[in-house]
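Same chain, two partners: chain A is paired with chain B first, then with chain C.
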Partner chain A sequence: MTDILNALVHLTNLMILPGLAYASQLALGAMGVTLIFSVLRFSNFAHAETMSLGTAFCIIVTLWFQQLGISFGFLPTALLALPFAIVLTAIFLILSDRMVYRHFRRRNAKPEIFMILSSGIMLIINGMTRLLVGPKGRIIDDGERFLVTAREFKEWSGLAEALVIKNTVVLTIIIAIFICSVLFWFLKNTETGKSMRAYSDNRDLALLSGVDPERIVFITWILVAVLATLGGVLFGLDKGYRPFVFQQLLLPVFAAAVVGGLGNQVGAIVGAVVIAFSEIGLTFAWKRFFSYLLPADLEPTSMMQILSTEYKFAVSFTILVLVLLFKPSGLMGGSQR
Partner chain B sequence: MITRHRDILLFLGMALLLILVGVFQSWQLALTIFNLCVISAVMSIGVNVQWGVAGMFNVGTMGFAALGGLAVVLFSAPPVTEAWSLGGPGLLVAFVTALVTVIAYIFAKGYFNDAQYRWMILFGIVVVGFYITQRFFFPAVAAIEGFDAVKYGNIGGLGLPTPVAWFGGALLAGLVAWPVAKLTGSLRTDYLAVATFGISEIVVAVLKNEDWLARGVKNISGLPRPVPYEVDIRALEWIQNLATSMDMSARDMSSIVVKLCYAGLFLVVLALVYWLTETLQRAPWGRMMRAIRDNEDAAMAMGKDVEGRHRQAFVLGSAIVGIGGAMLVTLDGQFTPGSYQPLRFTFIIWIMVIVGGSGNYRGAILGAFVIWFAWIQAETGGAWVAGLLAENLTEGSAARDVIEESAAYLRYVVMGLILILVMRFAPHGLIPEKTHTRVGN
Partner chain C sequence: MIGGYGGSPILNGCTISVDRGEIAVVVGPNGAGKSTAMKAIAGMLNLTSGNVVLAGKSITTLPTQMRVKAGMALVPQNDNIFPTMTVRENLDMGALLSRDTAAQTMKEVFDLFPILAEKRNQIAGQLSGGQRQQLAMGRALMTRPTALMLDEPTAGVSPNVMDEMFEKIRGVAELGLAVLIVEQNAASALEVADIGYVLVEGRNRFTGSGQDLLNDPETRRSFLGAHS
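Showing the complex of A and B:
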């Protein structure tokens, strides 16, 4: 019995909790990608950098707050700075839309053109974030670090394995679930949400019904700013902020959106869970887990790690290709390939 | 005729810029920029085959450039004979079994077309094939990586002359591009972009981690050069004479001569690639590609094999990018998988094609020169701007540190701005493609 409990605690500690946190961060990113895809009809290459920019804004406001001596008790100060960061990111996104995308939207340019433009925006943000916070990166997590420490858990349960619950992990999961629910409620029940869905389903029909496209686009960018900044800040709180690491989030975020089905919000969440748990599961050392469950003479000799951690990207991409080959519209059904 | 004069003027202007660098900065810098411009031009021709001519949105350029670099190691580096004798046979057996598995899979897929147990048979083939392959592969790899890991730990190369290795770069990149094209051929633009982006990341991840191939992140340096070393020619009489007559040290002169040799070799390759692609462009193949690009449905209705043509363009373009990647590694003299980054090796090349004028090979070449020049000079400019900004800030303050550290990244902002401005105000680029359809309207 203790063995099974130990195995489960080990798994929860090193795989399920980090996996859920990572999945929440990816889901926030992927929902932004999929939102842009369904309303504006292109894959936004600048999305990972947008998350990075939101985080950079958040870091600057946090540093300012820390200088003023404002803190948020046992919670990280970054959470206080979040609304400001969201506003700044939204301003940037709307300006970029006004100055770059709008011109081409009016000319009905092909999606390729928008993708190229978004890669231009990506390069600009890439330089901007480094100018804002420097290329080296920072740790922005202050406040209490742990909800449950290893020692507390061991004393309480008497198990050999410890369960460590980081504050940031719990925060990430709670905030992500909350924001997703609010977004779904918004899209489903409000007038604006309904017209957004109508616009993405059938543009011409929506225009005929009197939907104002510029207003839809405006609100979309605000929602994208909320999702991207939250996703970025939560990822940064959990794993530290480094511009280069954020840059590399692009592939898993895209993969999550495509695996779920581009344009499908629920799909983005499902895709994020699939990508996060396959990345962690395939690069996880299963040895200790099985050594608790199996009899002593069957104990595994190797680490039982299926892939080395450097191949994390390969995992998200391989799933992506498999889904494209066998279920082209994504797991939850989205836009056709 | 006017457009032709304009093209020539643009190229002359570019040459003038390089000469100005030579006069005001240094000739060494001018030649360094020139060499990298030529290499970039080869890569941008490759991207132009895919995007400009075939209209395929491939953002995996980085992966094929890296494969070209790998080819230089595998073809021109001296072989590590001991490692070969230790792990070579195992590696070859593993390679053959992997190949047999794939062939058996494809054969079985066709043969048991409607058998009930088809998926079981296919699954069995994969599992058995994988099991046998890994039985030979991992011990062989362990043996190779174990041999003198500080110095080698890899299989080395074939020791062939460097220009052969450049051709090898095309071969390797093309060989990988074919299954990729096969896999992604039917995808829509967005998905193709994401898929190729992912593939390039995977290629680089493999190069970083498979140490037996090319030492991974431990890097390989001292790759053979097709031109003499500076040290060896410094003492030559004509170099000494030339140096005194040009009022330069023999050290600088020898370095300039070496760079000129490289420039000559690269120019030959660029000319060959340009000739090849331009001939294809004028041939029925090029006409067909443009027809497919401009109206896929109409071309399909005319009986053109759209997916097949796309596959050809994808393989050809990737192979050309591979040549560029190979020449770059030869110029550096080292292979460093860690240095491959999508911004530098995918997006900058894309900007070259778009700024030059997509669909037009002369445009791609000019774009490569202009953008590489801007890329290098933006670094100098960025440092200068950062210096101005930092002057007004107190020494050691956080803001000053950040500005000084990140000056180099200003050039990403510059590149992004150039791309967006060109797309907005000159969407056809510096040298627009000559489209015959536009004559009437």
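Showing the complex of A and C:
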């Protein structure tokens, strides 16, 4: 019995909790990608950099708050800085739309053109973030580190394995669930949300109903700013901020959106869970887990790790390729474009 | 109107007009530019020359959503409802521009199409062909138009429901709207038409009252063959 509990605690501690946190971060990113895809109809290659930019804004405001001596008690100061970072990101996104995308939207340019434009924006943001906060890594997590520490848990449970619950992990999961619920409610129940759905379902018919396309685009960018900044900051709180690492988020975020079905909000969440747990599960060292469950003479001798952690990007890439080959519309069925 | 989608123009100087309270029907062979003419009036493609006038005001340079605001409504031939939304939500979409009068308009639409009132909470994608067309018309009427354009309102509707549809359209015109219809079922449509246009290669070929066109031997032979 103790062995099974030990095995489960070990798995929860090193795989399930980090997996859920990573899935939440990916889901926030993938929902932004899918929102842009369904309303603005292009694949936004600048999305990972947008998350990075939002985080960079958040770091700057956080540093400023720390200098002023403002803190958020046991919670990280970055949470206080979040609203400011979201506003700054939204302003940047709307400016980029006014200066770049709008011109081509009015000419009914093909989605491929927007994709290339977004790659250009990606490079611009890439430079901007380095100018803003520098290329070095930064730890932005302050406040209390742990909700439950290893020692506390071991004393309480008497198990050999410890369950460590990091504040940032709990925060990430709670905030992601909250924001997703708010977004779904908004799209389903408000007039603006319905107009957005209508505009993404059938653009001509929405125009014929008097929907103002510029207003829809404006609101979409604001929602994207909220999702991307939150996703970026939560990822940064959890794993530290490094511009290069954020750049690499593009692949798993896109893989999550495509696996779930581009244009499908629920799909983005499902895709994020699939990608996150495949990455972690395939690079996880299962030795300890099995040594608790199996009899002593069957105890595994190797680490029982399917892939070494350097290959984790290959995992999302492989899943992306497989889904595109065998179920191009994604697991939950995306839009038909 | 002269215009098209880029290549050679599809509309080569056709003229279509309709007065309030009347029904105009546009007929013609495939590729004559009937649907294109409607899209041009709705602002969904650019005219190289010509004008679109609504109630004495030129709306030629306005984008589609502003033309809707000015009082124009179009029911496209395909994809003319939001299939994932309920009947009620579809109608609400039409009421975006006229919120104050939405409740009143919706009552009028329900009076005209009782089936929509009955199915108001059903998902629109589950409706039958005839019900869809009624919903599409209802959504268009929710924008409180002065001119309503219908692109093939009887497409996908069973023949026995067709006459009922034309009756409803007659009813809409009697509310004081100008109604313009593009129709494959030319004979039945011309029965209810106050004025009929025959379009060939983007030009007006014949114009006359619905009865005139029905009685004209050449029109009958060329365009109404299957139905006469």
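The rule is simple: the second predicted complex is superposed on the first by the 335 of 337 C-alpha atoms of A that agree within 3 Å, B and C clash if a C-alpha of one lies under 4 Å from a C-alpha of the other, contacts with A are read in each partner's own complex, and residues count from 1 in each chain.
The working rule: contacts are C-beta pairs under 8 Å (C-beta built on N, C-alpha and C of every residue); 3 or more make two chains touch, one makes a residue touch a chain.
Just so you know, these numbers come straight off a predicted model, no measurement behind them.
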Chain C versus chain B, contacts on chain A by residue = B
Which partner does A:Ile116 contact after superposing on A: first (chain B), second (chain C), both, neither?
-> first
Is A:Phe313 touching the first partner chain B, the second partner chain C, both, or neither of them?
-> first
On chain A, the residue positions that both chain B and chain C contact, one per complex | none
Can you list the residues on chain B that touch chain A in the complex?
-> 55, 57, 59, 183-184, 186-191, 193-195, 197-199, 201-202, 205-206, 208-209, 343, 347, 350-351, 354, 401-403, 405-406, 409-417, 419-420, 423-424
Chain C partner contacts - residues on chain A that touch it in the complex = 191, 194-195, 197-198, 201-202, 204-213
Any idea which chain A residues touch chain B in the complex?
-> 37, 42-43, 45, 100, 103-104, 110-113, 115-117, 119-128, 130-136, 247, 250-251, 254-255, 258, 262, 308, 310-311, 313-314, 316-317, 320-321, 324-325, 336-337
Please give the residue numbers of chain C that touch chain A in the complex, ascending.
-> 42, 44, 63-65, 68-69, 73-74, 76, 79-85, 89, 92-94, 96-97, 139-140, 142-143
